[in-house]
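Okay, handing you the structure first.
Labels run A, B, C and D following the written order; every chain starts at residue 1.
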Amino acid sequence: MSPARGTTGWGMVLPALAFVAFFSLYPAIDSFLLSLYSEFPGPEPAFIGFGNYAELVQDPVAHQAFIVTLGFVLLSTTLELVLGTGLALVIHERFMGRGVVRAAVLIPWAIPTVVASQMWRFLLNDQYGAVNAILFGDRVDAYVPWLADPWMAFGAIVLADVWKTSSFAGLLILAGLQVIPDETYDAARIDGATAWQRFWHITFPLLKPALLTALLFRTIDAFRVFDLVFVMTQGGPGDATQVIQFYGYKTLFTEGRVGYGTTISVTVFVATAMLSLFYIRTAGSKLLQREPA
Amino acid sequence: MTNRPALLGGMLLAVLGSLCPFLWFVLTSFKSQIQVEAIPPTWWPDGSLAFYTSALVEHRLFHYVRNSVVVAGATTIIVLAVATPAAYALARLRLPGKAWILGGLLCVAMFPPIVMAGPVWQILERLGGLNTHWGLVLPYVSLSLPLAVWILTVFFQELPFELEEAARIDGCTTWQTLSKVLLPLATPGLFTAAILTFIYAWNEFFFALLILTNPDQQTLPVGIALFQGEFTMPWGEIAAASVVATLPLIIVVLLFQRGIINGLSAGAVKG
Amino acid sequence: MTGLALRHIGKTFGQTRVLHDVSLEAGDGEFVVLLGPSGCGKSTLLRIIAGLERQTGGSVSIGGRCVDDVPPSERDIAMVFQHYALYPHFTVRENLAFGLKIRREPTPVIEERLAETASLLDIDNLLDRRPKELSGGQRQRVAMGRAIVRKPALFLFDEPLSNLDARLRASMRVELKKLHRRLGTTMVYVTHDQAEAMTLGHTIAIMNHGRIQQTGRPDRIYQEPGNPFVAGFIGNPPMNLFEGSYRLHPRDLEFRVGDLTVRIPFQAHDLVGTESGTATLGIRPEDVTFDPPGPRHVAIAGTIDLIENLGGDAVVYLTVKGQSLAARTVPGLRQHAGESVTAHWPMNALHLFINEHRVPLPSS
Amino acid sequence: MIPTSSFPTQSPLPHRSSRAAWFFAAALLFNVPTAYCQDVFAEPPVSPPVTLHFVTWKADHPQAWNEAIQRFEEAHPRIRVKREMAPHSSTAYHDLLTQKLRNRESSLDLFLMDVIWPAEFAVAGWALPLDTYFHQSEREKFLPATIASGLYGDRSYGVPSRIDSGMLYYRKDLLEQYGFSPPSTWNELARQARTILEGERIAQPLLRGYSGQFKQYEGLVCDMLEFVGSHNGSFLTEDGRRSNLTAPESLRAVRFVREQIIQRLATPAALTYQEPESLAVFSQGKAVFHRNWPYAWGVANNPRHSKIAGKVGVTTLPRFSEGRSTSALGGWLYGISAYSRHPDKAWAFIEFMTSPEIQKHFAIHASLAPSRLALYADPEVLRANPQYRELFPIFQTARSRPRTPVYPIVSHILQRYFSRVLAFPGTDIREEAEEADAKINRFLTLTKEARP
């Protein structure tokens, strides 16, 4: 390629890199440095190296939060990917009123998380919540205080997240579906493949890059889940829904323990990066490797 | 094309699953205060519009909607303008270390926004960006760029190379190739990225709460969150506000999804 | 003069060498066909000419001007792609005009060229359609039109007919030939189809494994293939090739493969080699007959395995002394599959290759 | 005078000057209009009328607030007040306000401050000591508990805007029907509730004995303080240096809540309740007893919100037989930012807003219980809020949550402890209390070391 084209290439990438450098990378590095300073704000923050990380390793609250988060990430991303694929397959079809269906499917995601979380809190209320009304009708004595039980409260935040963001995964997967040529399906139909076989042997492999993208970005987001817990449960009952990022928030913002709070967030980052790397390794890093033919 | 009953079933399930919880909110918004917290819940509302009056007049809902449209719109436009060339270069041009750039973007996207809020707040304070819309747009752009770049990169990679080569022989510069030949073909990708970005900016709460404390600038999520009183939970007003605030989004989605369909048919590039 | 000259072109992709020292010339107005099996490097060579790839060695001149550092758009070329690469979001008219608009040609010029090209290719009535509303043949025409409308000094075709059905391909071939005669522009045409190569090219360059195997007029290549690859690649069905050993005798050469022995009159001094070694002997199926032998004919008895009747002629597959042999003959052979027959060929129709090179045999 | 110790205001590196260069570069890169760049270096011109920036929440009675501020601006024509809106949740409000203070936002002059924050704000150097403005003679005119909540060390950092404290609401009709007078001890409350529930089993199968706030959030600390305190227990020792959760009185109170309140009278659903949900249960007629703040009186007696309007009684919270009634103190104080450039004008605003006239205005038009003693004898106030006669004694029992600069940390540890023992009935209360004790002690020690 001639040098001129190389310059153009850099010119094209540079604005994006500049934005990210100033408003994401620099804050990230700044935070990392902060995590190396004494966890409790004294008169002067003292450099303590990885002292905060050492404390984190021994912090039972953090351990619990981490396990809750991991469970949330695995459960919600799996469900969202499965439902998202289903949604994508549905709205990919051509039928009358597809636009309306598409808009309907996107509604959950278009509702701000803070509002959607309030809505689920409202729906799951033990007395005047719709979920109880639908399940038990007028038998109020059977009504369940969903958010009072530690396990059901955990299930509730997963449910709310899945409801809200499956369509995000669906859109990403839809984009992937659109580049699969129709002939591929026709060929498979001629070969006598059933709908399921067509999906499993043709759609799924060709969809892999899109699925990987969806999985990666959902994982990244799920690891940082915050609004949902903040609004719905405040981490309760008994820290059963306290995800790591909410713990980080409380430490950093409410308690003002800047060093330790940042340490928690940096750890979230490391965990996310590790899980993402694992996904990329397992699912194939085609996207990262592909070069112009 | 595939079997109709399954499609119909899936469609119904998708629509019902997505809408039902929200429909409860719609019903709630037309209830009277005492009905909202009735035990057991009542299904059919009185048809009271009190919550709408309260949300629209007392809480100035439209003003928040307008702010959100401005912020989300500006974010989307800037993200597309910045992400498209970057994605094109990453997908098609030979850049040393492009895998690193893509990986790095992903990596940056992993950093929890909560911990970035402090430094971002300080940057904006220096730039005079606190309590301004552009001050919110800058971090939004940065935070939604990685996803947009990824989506568009995947999309550009799927477009046939021949078209680009034809364009180069026809005398297009790299920018012309992108704008005149590839962009029209990448519309599904562009619209997908646009919807994702717009809704991200529309939904974002945390930065908006920190950066905008002046009620004149506050966006919708903050606005609705502030409906909550010290000891009161105005479900009815929140429900009414959500219903009103979702309408522009439905319009945006209806407009954008048309783009996805159009792009789809144009995407049939091969033989 | 607007010819093309390639000098010592080499190309590597990473560790893989796809082109080795390729040199080729095309005179002004010449139609050069690059012919070879897939993966032989012919398309890469074409893309290097176009400037879409940069060669790793050697140079390209178009019209006497070295264009190594000239971007594709300024090489004064046009290219027709295998999948046509029509811009799907433009109408035919816009597709044709795009290259001119980008070059800021004045509108009247564009209009005029457009009309000219459309009538030349008989696509006037398609101008407002989009590519997906066109048939394969129509897309093909539009793709060519897009090249023609620019009036380039050099046309490049990358297997342009490979996506068409056989009949359409044959008729497009004829049109292309006419078109070339009308335009008189230098053209380089890549294909793996020897019929296209034979009918279209003034010159054919046969490529294999990144090297040009032989360059020449179609009839020369057919009659005097330079090596066993070319011999086997050109001709339908392909030339019968026997790989065996030879021994030199004072007045002739003895070629053996299995039980089959052929003695060929030969002047020993013609051979720059040793007394004996391995060799490849070829005979075209169309040179094998079942008629009574003439003078200087070789006659061998064999068994018929299969007869393919193609209407105008027939291909007979037989086994002679343990070797397979194909013969093309007129239909109406008396014998049937499984029966024995005597095959003949004139001695001067034999092709002998030693060390991968053609060894000229004395003509009759 | 500004105390020297403070929270780290930002990253200790890189230094400010190099940062300025960074931002200048950023400004150039993003083509930010130069006016903004100048802002980085130059002080904005001070225009003659001063604008005070006041961080507050969106009021439940916006009209009353607008009017009060308008009256202030009329009285002080050279001062404008611009309100910045934060969420109404105490925690979310705290986080936003401290973010601004941590970054020394100088445009910020005034804020409302929850009664639990003065210690934190004082040690961090965020709140201006008000001793020079807020004289002893004036302080004596307020409810003592509210004044105490604004103190840290021997300095005052906040002026009480009103008073809030926990109280027991009950169903007057049901108690009368069963011949009970309002309970004075928790055991009595439990007994009465059980009797009423038993009696109403057929007519009102869903009736609960008690409704309070037991979700894992700040309110849980208030509710638990009332149980523990009325059992002669406390969260911290007398001197405030050590955690006191493992004291037998504290443990027994917690056990009572788990076994009697959550598992029997309130049902575990209370683990999801903040004030609105718990009040809804009561005002829908589904609870005999209800613990809440003064505002609940108005709601429970408003037919638009309540099915039991007119059937509501209110009294001091019960005690254990060996303790005395304890009511958690809530409410908001006015404070001045240590970084304010207009402290005198800010004080003028506070003085105005906490004046008898304005407190009276709020009591009448916004049902905010005055922090000034005298207003409880004011006929106009009492006409608008007849319940103040009954509430006034309750306000006297109000008790602060621990006053420590690390209150947010202590509160989180308490919330986790209480929520765990209530939500997981199998946990060992003593073990959990020991764990919480250890953690609280650790931070209390750290504060002492950090103190100048």
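Operating definition for what follows: contacts are C-beta pairs under 8 Å (C-beta built on N, C-alpha and C of every residue); 3 or more make two chains touch, one makes a residue touch a chain.
Quick caveat, the model's predicted, so the values are computed rather than measured.
Q: How many hops, at fewest, get you from chain C to chain D via touching chains?
A: 2
Q: Relative to chain C, which chain has the most distant C-alpha mean position?
A: For chain C, the chain whose C-alpha mean is farthest off is D.
Q: Looking at chain pairs B-D and B-C, which one is connected by more C-beta pairs in contact?
A: B-D
Q: Report the inter-chain centroid distance for chain A and chain D in whole angstrom, where each centroid is the mean of the CA atoms.
A: Going by mean C-alpha positions, chain A sits 34 Å from chain D.
Q: If you average the Cα atoms of chain B and of chain C to get two centres, how far apart are those centres in Å?
A: 56
Q: Pull out every residue in chain B that's touching 2 or more other chains.
A: 37-39, 118-119, 123, 138, 225, 267, 270
Q: Among the residues of chain A, pick out those that touch two or more other chains and give their numbers.
A: 1, 22, 26, 30, 34, 127-128, 140, 249, 253, 258 - these are the residues of chain A that touch more than one other chain.
Q: At least two other chains touched by the same residue of chain D: list those residues.
A: In chain D, residues 11, 26, 30, 99, 206, 277, 280-281, 284, 286 touch at least two other chains, as defined above.
Q: In the complex formed with chain B, which residues of chain D make contact?
A: Touch list, chain D to chain B: 10-11, 19-20, 23, 26-27, 30, 32, 35-37, 39-40, 55, 57-58, 60, 62, 82-89, 92, 96, 99-100, 103, 105, 206, 274-277, 279-281, 283-284, 286, 292-293, 295-296, 299, 304-307.
Q: Going by the contact rule at the top, pick out the chain A residues touching chain D in the complex.
A: Contacts found on chain A: 18, 22, 26, 30, 33-34, 37, 40-45, 61, 125-128, 140-141, 145-150, 233-240, 249-250, 253-258.
Q: Residue numbers of chain D touching chain A in their complex, please.
A: The touching residues are 4-8, 11-13, 22, 26, 29-30, 91, 94-95, 98-99, 102, 120, 124, 205-206, 215-217, 267-272, 277, 280-281, 284, 286, 406, 408-409, 412, 415-416, 419-424, 443, 446, 449-450, 452.
Q: Which residues of chain A touch chain B once you look at their complex with the stated criterion?
A: The contact residues of chain A facing chain B are 1, 5-6, 8-13, 15-17, 19-20, 22-28, 30-31, 34, 86-87, 89-91, 93-95, 98-115, 118-120, 122-123, 127-130, 132-133, 137-138, 140, 143, 163, 167-168, 171-172, 174-176, 178-179, 181, 185, 195, 209-210, 213, 216-217, 220, 223-224, 226-227, 245, 248-249, 252-253, 258, 261-262, 265-266, 268-269, 272-273, 276, 287-293.
Q: Inside the complex, what are the residues of chain B that reach chain C?
A: My answer: residues 160, 162-163, 165-172, 176, 180-181, 184-185, 265-271.
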